[in-house]
Each structure stands twice: as structure tokens, then as C-alpha cells.
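Listed below are the structures to be examined.
Below, chain A partners chain B and then partners chain C, in two separate complexes.
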Partner chain A sequence: MDAWLDFARGPAFRFALAVMVLGLLRHFALALLSVRAILRRAGDKTLPVTQIRKATLSWLFPVKKLGHHTLFAAASVLFHLGAIVAPLLLAAHVTLIEASTGLAWPALNPLAADILTLLAIGGLLVLFVVRIAKRAARDLSQRSDYGVLLLVLVPFVTGFLAAHPGLNPFPFTAVLLLHFLSADLLLFMFPFTKLVHVVLLPATQLVSEAAWRFDPDAGEKVAKALGKENQRI
Partner chain B sequence: MDAGNSRVRTTKAVLWFIVGFAIIVGAARFLTGLGTVTNLTDRTPWGLWVGFDVLGGVALAAGGFVIAASVYILRREKFRPLLRPAILTAFLGYAAVAAGLLVDLGRPWNIWRPMFFWQHHSALFEVAWCVMLYLSVLALEFAPVPLESSRFHRLTKALKSASLPLVILGIMLSTLHQSSLGTLFLIAPARVHPLWYTPLLPLLFFISAVALGMAMVVVESKASAWLYRKRPEDHVLSSLLRPLGFTLLLYAGIRIGDLVARGEGAGLFDGSWESALFWLETGLSSLLPAASALSGLARRSGKALFATGLMVVSGFVLHRIDVGGVSGVGLTDSGYFPSLFEISLSLGVVSGAILLFLFFVERYRVYDPEPAPARRPAACRAPLAAARAYSSVFVAGAAIAFALLPGGAVFGAKPLDMPVTGARRVLAVEKTRENPPGKMLVFAARGAAEAREVLLVDGNRSGEYALFDHEAHMKRQGEKESCGICHHLNRPNDRESSCFECHRDAWQPTDIFRHGAHIEATGGNRGCTECHVTPAAPKTRAATRPCRECHEDMVATGKREFVAPPAADSPFHAPGYMDAMHGTCRKCHEEEDRTKGVKVPELALCSTCHPEAVDLSPRPAGRKD
Partner chain C sequence: MPRKMPYYVEPYDLVGRPARFLEAFAAILEHSTYGPVIDFYARLKTRCARCPDLCPVYQVTGEKRDIPCERSDMLLEVYRRYFTTRGKMKGRLLDDFELTDEYLDDMAESYWRCTACRRCKLECPMGIDHGLITHLARWILSEIGIVPKALVVSVREQLEGETKNTSAIPVPALQDNCAFLEDEIREMFGYEAKFPIDVKGAEWVFFPAVSDYLLEADTLMGIAVVMQITGGSWTIGTGDFDGINYGLFYSDRMLGRIVRNEAAEVRRLEAKGVLAGECGHATRAAKGFIPTYAGGENAPPVMNIMQYTHRVWKEGKLPLLAGAIKERVTYHDPCNIARSGWILEEPRDILKHICADYVDMFPNRRENYCCGGGGGSVSIDEIREFRTKTGGKAKADQIRATGAKYVVAPCANCKKQVREVCEDHGLSEVETVGLHDLILKAIDWDRVKNVKKETA
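The block that comes next holds the complex of A and B.
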């Protein structure tokens, strides 16, 4: 079992981390290149910067959306708060990173970490239920969307159980291994699933704003591609 | 150039994967040092990177000066279409050499020093200058190609008008450099096998470079034609076959004739692996391709032409690797074989050079443009499709490399594991020592009257032993009650545990705490709080209940505790064996010196305790160092 633990927190973790970091950087760079290509093609120098900023911020802090989708927006905010803060500032994680790299930063109070973890788990479950219960959300969802939610759930639940052995009905080492492996899989999946929004959120606003600016002669090109030049479309 | 065909895409994808892998290896090499990713040692300081990247790279770049000399000096205009790709290959070959050198040098940040600190007697000084100068000349020779489509028309014109002096300078420098790499090995006869070592090495390096230059032009031209599905230039390349064949015959004649003349001919057929390697290399590099080139076989078939060039290239690269190290493996008993990371970095440098070659070929007029064939318009491809595809294989290569890197390459180098074993009982006698003055124990001769049993302390069996009179120490310190002075910690259910049971590595601390065993012993999850008394706190060793509170008999009790018991927040890492031994013996003797005036001479001298501190590791007969 120790060999499996070493594998999960050694090579497997490094592989997943590298895929996540480089994969996300790749997505970000490609998004910027796409925007540049779009703008060049459109020949339009102006960008609706204000609209983009507003759209991005409105999703980062969806206060205004609380009126329409209260439960969804609240669960989303609480989940994101817990999911980002708890793993990064958990004392056990900080200690582990310091032991292997020498880098350290202040850690959360254990009680605060527990609360944030539970918020992340609770928020995630609400998001999952809302996605199933609401017809509009269900129609927009693919199978992978449910899968990603469940995948995010596993490391938080196993991490909480590992930190509280008294509440853990399963063998400690097995839970720890599952925690490592599920976290590895989660990191690995970042560039391949909708989790990629962590870097693409601002860029997608930019792309969608920019992409709707067509070439001045876009209509002629479409007609040519369809073989219907000089015809009425 | 049809850069969108499947051959180009597949080739580039493979190359980007290798480059991604190699970049991570290169980063690890620069961040954590050569030792973490290479199998290089003090005995084999020059490995694959020198043999393949540096020596092979220089040789592969010879096409530049060979074709330039043919066109500009010998006025063989039919070779002009080969000139630009040959110069580009040479430039990228030398850039690869510079990259290979930088990763191989122990202190690459000193690379600028030969420019300002001249050491006329150093062979490497000449090599360094040649690489720098010829790389600059090649850059200037090739610069007009990318510049001609830019707005720097005057600069382009000036460079083009300077091409003849540059070509002459290039020929001169590469003649110097190709041969001086051979000269470099003249100063290391003990490292080069007699079948490769000869005073004619500079000449052989130069002649083989000329042949290799021609062969490389053939290989590069045929490979480009295949890759871009364009018409091969077989009619021009075939003109190279006669001079290539005669150059190869000249090389093989000098090589074998020199060995026979110097009386080393018997080694050619002695059945050793070196003789087999010699024939493989010579057959591949010169004998077979010479036969193919001169018999007309290569002229009749495009595939045979490519195979001939490829044989020469691989044969002479093998020659450089052999001279650079492989032939000397038997002489130096190094047992060196390059690590996966050395191989990947070498391939990465080559892949990077090929990608740059393809970049220049696709973007600038390296090859003469062909009449465009009537083709249907290219299929519509998604924007940035190439960037998306190549960047994803790059990320895959980098991530796999990061996962495969050894721990030392990620978290910093650490000493090699060196497990230790217990002390042995041997017979010894006491004798008077002159320097430093005093008495010492030595191994007893067979049947020696005054022989007594002592401990031979040589935990890692390196030969650096100490003879320790355990009985005398016990008597002096107070018999059984004194054991705890040195045997300060008991393993569970043990008494006076031996040193090596906790100090398990010669140099590194050992983690002597077994978490898994404690989980089982305390009854699984419910038992966690027995040690982790504050469940909310991070479960570090410092925040855990001290071991002694449960293991009451763990700390040995005795007349006095010389080695301090583990503190409450002890990480339970037993120091390395050598530190533990030195720490205990020296500290105790210094204390006795201070308190009782019991003198032990010169504890700072190794020979006081290690009378025969010599390397007794196995050494095969015939080694010449």
C-alpha cells in the first residue's frame, strides 16, 4: 500500500500537475492567439472592453444573478470559495508542500478549513441537484458535466475523512490513497473538461465578443464556400 | 511547400513531443545539476552529449562547407540548388552543438570566458573559438535567406556581397575545427581504444567530415523531398556519389592502413566487442556505402541513394560516439550507459533543430520553388489547428518527462543510497603507532598470542573501517550498566539495539518511524487520537504525542545518558551512520579528555581511527589508472 501511496503522491501527482499547469497555459495562449486572429481578420481595432469586464465580473461575483437563480448562484459562490481556499490554505497541504519544496505560506485555522471544505461539498451537491432538477439546466448538460461535479466531490470528501479519522468508517490508508488518486485525476482533467474555465473565463467573454465581428466581405466568402456566388441566399 | 500534408503533420507532432520531453529534462539539469538526470561520473565525464551532440553535430554540419566550396571555389554550379539547405543544415547543426555544449558543461555560465581569458595551450580553447566563429559565420551566410523577404534590403545586399569572403572564412574555420576535434582526443590516449586512437585522428576526422557533409546533403534532400512530397533532386545528388565514394575509400584505406602500419592490425580480428564495433562502424560508414556509390547501385535507385547517405551519416556519427567515449568503456571500466534523460535531451536538441529547419523551409525560399501543380483547393481547417495539435503533444511530452524524473531532479540532488550492515567480530592486536604517536589496533596475524576479539566497524563495507575494542570500552565505562551510554535507543522489544538498526544509511538520515504499523497496533481509525492528541491540528510529527510516553522502555537507561534521548518534537530521523559513529566516539573522547585527562591523539586525523582508509572496492585487472 505504501508503494501505491508513493506512486499517487509522486509520479502520478507530478504528471497530473504538469498536465494541468501546461494544459491551462496552452488553452490561455491559444485563446489569446484566437482573439488576435479574429481581430486581424475583422480589421477592427476597438474592443468592447467594458462589456467584457462586466460580463466576467458578473460571473465571478454573481451578486446580480442572486435575484433570478438564488439557490444556484449562492451554491456556486460558496462552492468556489471553499474549493479554491480550502485546498490551497489547508495546514496539512502547506506542511506537505513545505517539506518537499521549502515553499510555505500561512495556513487556515483548522476549524475554518473544515467549514470551507463542508461548504464546498454542500455547494457542490446543491449544484448537482439543481442541474438535475431544473429542466433548462438538464437540457444544457452533457454527461461529462455531471461526471466533473462528482469527480470534484471525491477529493473533498476523502480529504475531510482523512483529516477526521474518527468520522471515517473506511480504512485510513485506502481513503488517503483515494484522496491522492482522485485529486490527481481532477488536476489531470482540468484542461480536458469545463474545469478549463478557471483560465478561460475572461478569455471566453473576449472571444465571444470578438468572434461576432465578421469580415467586411464575410457574406461573399460564405457564398463562395457554398458554391452560390452571385445568387440570392 | 505543402506544409499541411499528413507526413509533415505526423513528423512535426513526434518532434514536438520529444522537444516537450527534453525541455523538462533540460530544466531539471540546469536547476538540480548534471548528476540528477545523467549517468555521468567523474570517471566518465564525457558521455552521449559530447559524443553525439557535439562531435556528431559538428560532423553533420560539414555539408555546409563542402557544398559551399564546390559552388563558390570549384565553380560546380549544378550544386547551387543544394547550397541553401546545406548552409541551413550546417547552421542548425552548429546551433545544436552549442546547445549540447551548454547542457553538458558543468558551469555553462562560464561559456564566455575563452573569449577573454586566452589559454593558448588548451585544445578546448581552439575548439571553443572555432565553434563561436563558425557559428557566427554560418549565421551570416544564412541570414540573407530570411532577410530577403524583409524590409532590410541594404543589409541583405551587403551580406550577399560578402558571401565569398564568408564562404572562404567558413571553409577555413571548419577545416580547422573538424580536425581539431580529432586533436582533442590525441591528448587522452588512455581513454580511446587502440583501434580508434591514432596520431592521424585529426586527418581522419577531417576526411570523414568531407564525406559526411556530402552524405548529409543527400539524406537531408531526400528526406525533405519525401516529407513535402516534392520531386527529389536525384540527378544533382547522384553527382555527389563519385567524390563521395572516393573520399570513403581514402578514409577506409588510411584508417585500416594506419592500424596495420602501427602494429595494431591484430586487434581487428581478436574477437573482442571492440573489433566487432570497429567493423560495424567502418562497414556502415565507408566500406558498404563506397561500394554502393561507386558500383552505380545508388545512382540507379533513389532508395539506394538514400540508404547510402544514411549509412555514411549513421556510421560516422557512430565513429564520433566511439571516439568520444564508447571505445574507452573497456579501458576505463566506467560501465557507462546513457540514461533515458540523456538520450531524450540529445533527441530533443536534434528535434528542435529539425523543427527549425522545417520552419525555415516552409517560410522562406530555402529550396528553389517548384511549379505549383494543379490541385484542388486545400480543405478548410480550423483556425490555429496546427498550433493546437503541436502544443498538445508538447504538453504530453513535458508532463510525461516531469512524471518520470527521479526525485533528485525535482527536489534537488541527494547522496546515493548506501545501506549499512552491522559490525563484525574479528581478532586484533594492539601495536604502537608512530604518526600520530599512540597505540592502535591492527588485524591479528594467524595464531598471534595476544589477539583479542574486537569489532570491525565498516557499515557500508567501503574498506574505510575502524577496529573498535568493545570489551575494553565496556569494562572502562562500568560493565553492563554502561551500555546505555552508547546504545541510547532500544527498538521495540529489544535491548541495546545495534547502531545499524536505526542508522541504516551511511550518509543520510533514516526515518525510523513506521506509521502503518502504528495504525494497525492502535486499532485503525479510532486509534489515531492516541498519538494525534489534537485532531484539529495538522498531523505533523511535531504536533504528535512523544513516542516515549507509550514506549517507556525505548530510551535506554544506564549509568549516564551520553547521547541525548529524542526530544518530544523529534522527527525520528536517525542521523547517517558515519555522523552517528563520529558523533558518538569523538564527543565521548573529547569529554573524557576534558574531564579525566584521557588523551586520544589527533581525532581530527582520519588515520587515527581508520588505519587503512583505502578504497577496497573491486577493481578489474588491467585498468590503466
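The block that comes next holds the complex of A and C.
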């Protein structure tokens, strides 16, 4: 069992982390390159920079969206807060990351870490309920949307149980192993699922504005490619 | 077998449509700048379901196909299947998705149920611009012949017809019309206002929605009076006097040709820039795309008439009576000038001054609801019921809630649509007008005449 645990938190973790980091970097780089590719051909190379910056920040730090609208919006923001902060600042993780990568930073106190973890778990459950209860969300959902929810849920629940043996009805080592493996899988899957939004979000307002910067000759070239240059409307 | 569309389409080649759609899609991806955008969007699928709450169409129908994300995904799915390596492989192995005639018909219907109002984008955390995808999808569809006839005939007349404008008004008729409006102003107010025609070296060339010359006499008279009182330097050009640009609604090929003509007319008249009339899409098409198609940084600037009027009024050149309009007035923000936060306060400032009882609709400004006829759909008479009862329902509710007598809709398309929405929702007492219609009623003529005497 110990060998499995060591494998899961050692080489498997490092591999998953590497895939995640490289994969996400690739996505981000592609996004920026696409903006460059557009602007290079665009007839109008200006962009509404202030508007882009405002929109991007409003979604990166969606404080205003909290009171907004629905339970869903609030749950989503709280979930993201917990899900981003807790894993990064948990004492056990900080130690592990330091051992794997040599990078270290201060850890959160255990109570705060617990609260954030529970926010993440609670938020996820609300997201799940909304997905099945709200008609539009249900209509829109595909199997992978439920899959991703599960993929994220397991490491948080097992992590919480592992940190609170008193609350854990299952064999400790098994839970710990499941925690390691599910977390590895989660990291590994980031670039291949909709989780890529974590790196695409900061670029997306920029891409959506650049999208209206057209190539002035596109129309004529398309007409030519389709054999319509001399065709009347 | 292709299905009958809800809108009229001119006869086109029905054989091998899916293959020809893919051919057109491929050509556009290769030769335009859409490729990187579509590729980016295709990788971003969070499906969080926030956007349906904002779409006026979905709010009424509740149908899956009207969810903005779902609609956009129709085109993105075709892209993933036919233009990405992963999709091509998966398609070969699993045979899971194929572009069929039926799918094509669904797209052809769906992308004209969306008015490209871009309201949904406001709440999309991923910033996906469904208006852009609708815009692209319509272009591809139009290349295989699927496009509402109402729009094509207009563009045909504007680009290749004899009159060179969408309402087919010959130049002599335009001149008559302007002379007639000058007479009207003289009769009504005892004031000489000119509609200058082909004046070389004027500062601005005027591009209203050309249909205003047939339908919106008050708006045009208001504009002419404002220009005359404030000494505005403007002209109508007989080479091109139509700001309408239906290319914005179905084809970048047409969009580019139309704005190039506008820029050429500005250069022919040795003017500085484009003065767009009260028309949302005409203003956005010129402002957003003249730089693209006619000279980048050196392109002629574009100003909307409401911006001009607001400026001269602030400068004290335009005397307007406070509270001159007694009835309750509200303002409809045309999507094409309001959604991006561009022209919001100028008309409101003026209205709050000249109206004794001004109320905003709710929601408003950037978050305002589309009139329901956006994206060119207002020209399609055969879908009127869908436009007014579905797309326009939110607008009807908004207007009713204000209890206003006048709805100011500074856009030719919005005006037509709001009038029909009001008719179809029993709001018969509501009158839809332009901003300059009300300004005309609020001119402080005593002070105008004084101003003239003083300067004389």
C-alpha cells in the first residue's frame, strides 16, 4: 500500500502536474497567438483596451456578480474561491509541492482551509443541483459536464475526510490513496476538458473583441475561392 | 429534402448543400480572420447556462434551440467535426456526427431566430460573443444561397441597382423630397433650414437610413433645423446617401462593399467624415468597419447625429425649451450603439431637459432588451409574428411598464419594429418617434430668432 501511496503522490503527481502546466500553457499561448494572427491581417488594428480590461477583471474577480441574480451565480463564485485557494494553500499541499518542485509559500491555518474546502464542496453540490433542476442547464448539459463535476468533487471530499479522520468512516489509507489518485487524474485532465477555461478566461474578452477586426480582403478572396468573383448579387 | 424556411429565400441550388456549406466554411476559415476565433470558442465549452436568462427569445420560448450557447454550438460542432484533427479522426472512427440537410435547415432557422443583439454576452463568464457566431453562420449560409430575400433585394439595389440605395429612391426624387421638407419647415416655423446637397468641402456627409426620406420626415426636419441653427457643416451626397448596411447582417462581402462606398463618397465630396443619422446598425457598421475596409487609421471618422446634437447643445448653440414635451417619454437603446456602452447618455441628457416627464425603461443602457427586430430581421415581414410576439415580447412589457406616450427609438429598424410590437401587443396609444422629432418640438424659436438677429 505504501508503495502505491508513494507512487501516487510522487511520480504520478509530478507527471500529472507537468501535463497540466504544459497543456494549459499551450492553450494560453494559442489564444494569444490567435489574437496576433487576427490583428496581423486586420484592416483596423485598434482594440477597445479599457473595455477589455474592465470586462476581464470583472470576471476574474467577480465580486459584483456575487449579489447578482441567483443562487447559482453565488454558488459558482464561492465554489471557485474555495476550489482555487484551498488546494494551493493547504499545509499538507504546500509541503508536498515543496518536496516535488522546490517552490514554497506560506500555508493557511487549518480552520480557514476547512471552511474553504467546505465552500468548494457545497458550491459544487449546488452547481450539480442547478444543473439538473434548471431546465436550460439540463438541456445544455452533456455527459462530460456531469463527469467534470464528479472529477472535481472526489479529490475535495476525500481530501477533507483524510484531514479529519474522526469524520471518516472508511479505511484511512484507502481514502488517502483515492485522494491522491483522483487529484492526479484531475490535474491531468485539465487541458483536455472544459477545465481549460481556467487559462482561457483571462484571454477570452480580448479574443472576442479582436474577433470583430476583419481582414479587409477576406470577402474578395472568399468570392474568388468559391468562383463568384464576377457573379452578381 | 430541404425544408421550407420561415422566411422567403430566392431559388437556389438545392443539390449537395452540406458539401457546399463545408466548402464555403472552409473558404471563409482560410481567407478571413474567423479561424482563430472559432478555434478558440470551440475549445471553450463550459455550458454554465447563465446566458439563457438574458436572451429575450429564450425567455419566451424556453426551447433548447434558443439557448444562446446551444445555438452557437451548432456551428462550433460543425467546426470541431470537419476542421479539427481530433474531430476528423473521431468522425472517421465513430461516425458520430454528420452535417445533413436537416441539420443545415435547423441552422438556417436558428441563426435567424437570434437577432445578434449580443445581450447574452453580458453574462457569459467566457465572454463568448454569440452575435459574432450568428454573424458568421449567416455569412456561410448566404454563400450557398440561404438568406432572407428581403435583405438580398435591398443589398442588390444598393450595390448593383440603378438607384444605389436600399429604398430605390432616384436622385431627383431625393432632391424633391429635400425641397419639400425645407418648405414644410418654412411653413411650420417660418424658418429657413437647408438640406445641402453635394456641397464639396462640407465637414460631414450625412448617411441616414435612406428609408427615413420616405417615412421619418420629422426626424429629418429636426436634424436639418439643428444643423442650420448651430451652423453645422454638412451635406447629402448624391453618389451615396444611404447608411443602411444589411451586409452587417448576412455577409462580410457586402458589408465591406457598402462601407467602402460610403468612404468613397466622403472622399469625393472632400469631407472630413461620416455623419450617421438616427440608425443603430448604420452607425455601428460605419464606425466599426470603415476603418477596417477603408484605410485603417486614416479612415474618415464617424459620428452619430445624436452625438453632434448633444455637443452643440452643451456648447450652448442650440436653444431648447426645458420641459417642452408634456407627455411621458421613454427611451429605447438600439443594441448596435448601446450594447458596447457607446452612445448612452447623449440622448438621455437631451430628453431629460426637454421632457417634463421622462422615465427610463428597465433594464436599460447596455443591458437594454433588443426591440426584437435586430440583426436585419425587422425587414422580414413574413416572420412578423415571431418578431413581435416572441423576440419583441420583452420590449412590449418594458414599454407598458413605463406608461409612456412616446418611445424614442433613434433607429430606423427599431422604429419599425417597436411600432409593430406596440400594434401587436395592444399598445395603440404609444407613439414611436426619433430623438430629433421631439427636439424639433422643443426648439426655443424666440431665442433662435434672437440669435440670428444678434449675429446679423
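Keep in mind that, in the parts below, the second predicted complex is superposed on the first by the 206 of 233 C-alpha atoms of A that agree within 3 Å, B and C clash if a C-alpha of one lies under 4 Å from a C-alpha of the other, contacts with A are read in each partner's own complex, and residues count from 1 in each chain.
The rule we apply is simple: a contact is a pair of C-beta atoms (placed from the backbone, for glycine too) under 8 Å apart; a residue touches a chain by one contact, two chains touch by 3 or more.
Bear in mind that the values here come from a model prediction, so they are computed numbers and not experimental data.
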item: Chain A as common anchor, with chain B and chain C clashing or fitting; value: fit
item: Partner chain in contact with A:Ser34 - chain B first, chain C second, else both or neither; value: both
item: First, second, both or neither for A:Ala75, with chain B first and chain C second; value: neither
item: Chain A residues touched - chain C or chain B, whichever exceeds; value: C
item: Following superposition on chain A: angle at chain A, chain B versus chain C, Cα, nearest 10°; value: 130
item: First, second, both or neither for A:Lys221, with chain B first and chain C second; value: second
item: Touching partner for A:Leu178 - first (chain B), second (chain C), both, neither; value: neither
item: Smallest distance from any CA atom of chain C to any CA atom of chain B, in Å, after fitting; value: 6
item: Chain A residues contacted in one complex by chain B, in the other by chain C; value: 30, 33-34, 37, 225
item: Chain A to chain C touching residues, read off their complex; value: 27, 30-31, 33-35, 37-38, 41-46, 48, 51, 55, 59, 62, 69-70, 72-73, 76, 130-131, 134-137, 139-142, 145, 194, 196-197, 200-201, 203-205, 207-208, 210-223, 225-226, 228, 232-233
item: Parts of chain C lying in touch with chain A, wherever the complex brings them together; value: 23-24, 27-28, 30-37, 39-40, 43-50, 52-53, 58, 62, 64, 67, 69-70, 121, 125-129, 132, 143, 152, 155-156, 159-160, 251-257, 288-289, 291-293, 296-297, 299, 340-341
item: Residue ranges of chain B touching chain A (in the complex, touch as defined); value: 24, 380, 383-384, 387-388, 391-392, 394-396, 398-400, 402-405, 407, 410-411, 516, 519, 524-526, 528-529, 532, 535-540
item: Contact footprint of chain B on chain A as seen in their complex; value: 1-2, 10-12, 14-15, 17-19, 22-23, 26, 29-30, 33-34, 37, 91-92, 95, 100-101, 107, 110-111, 114, 164-166, 168-169, 171-173, 191, 225
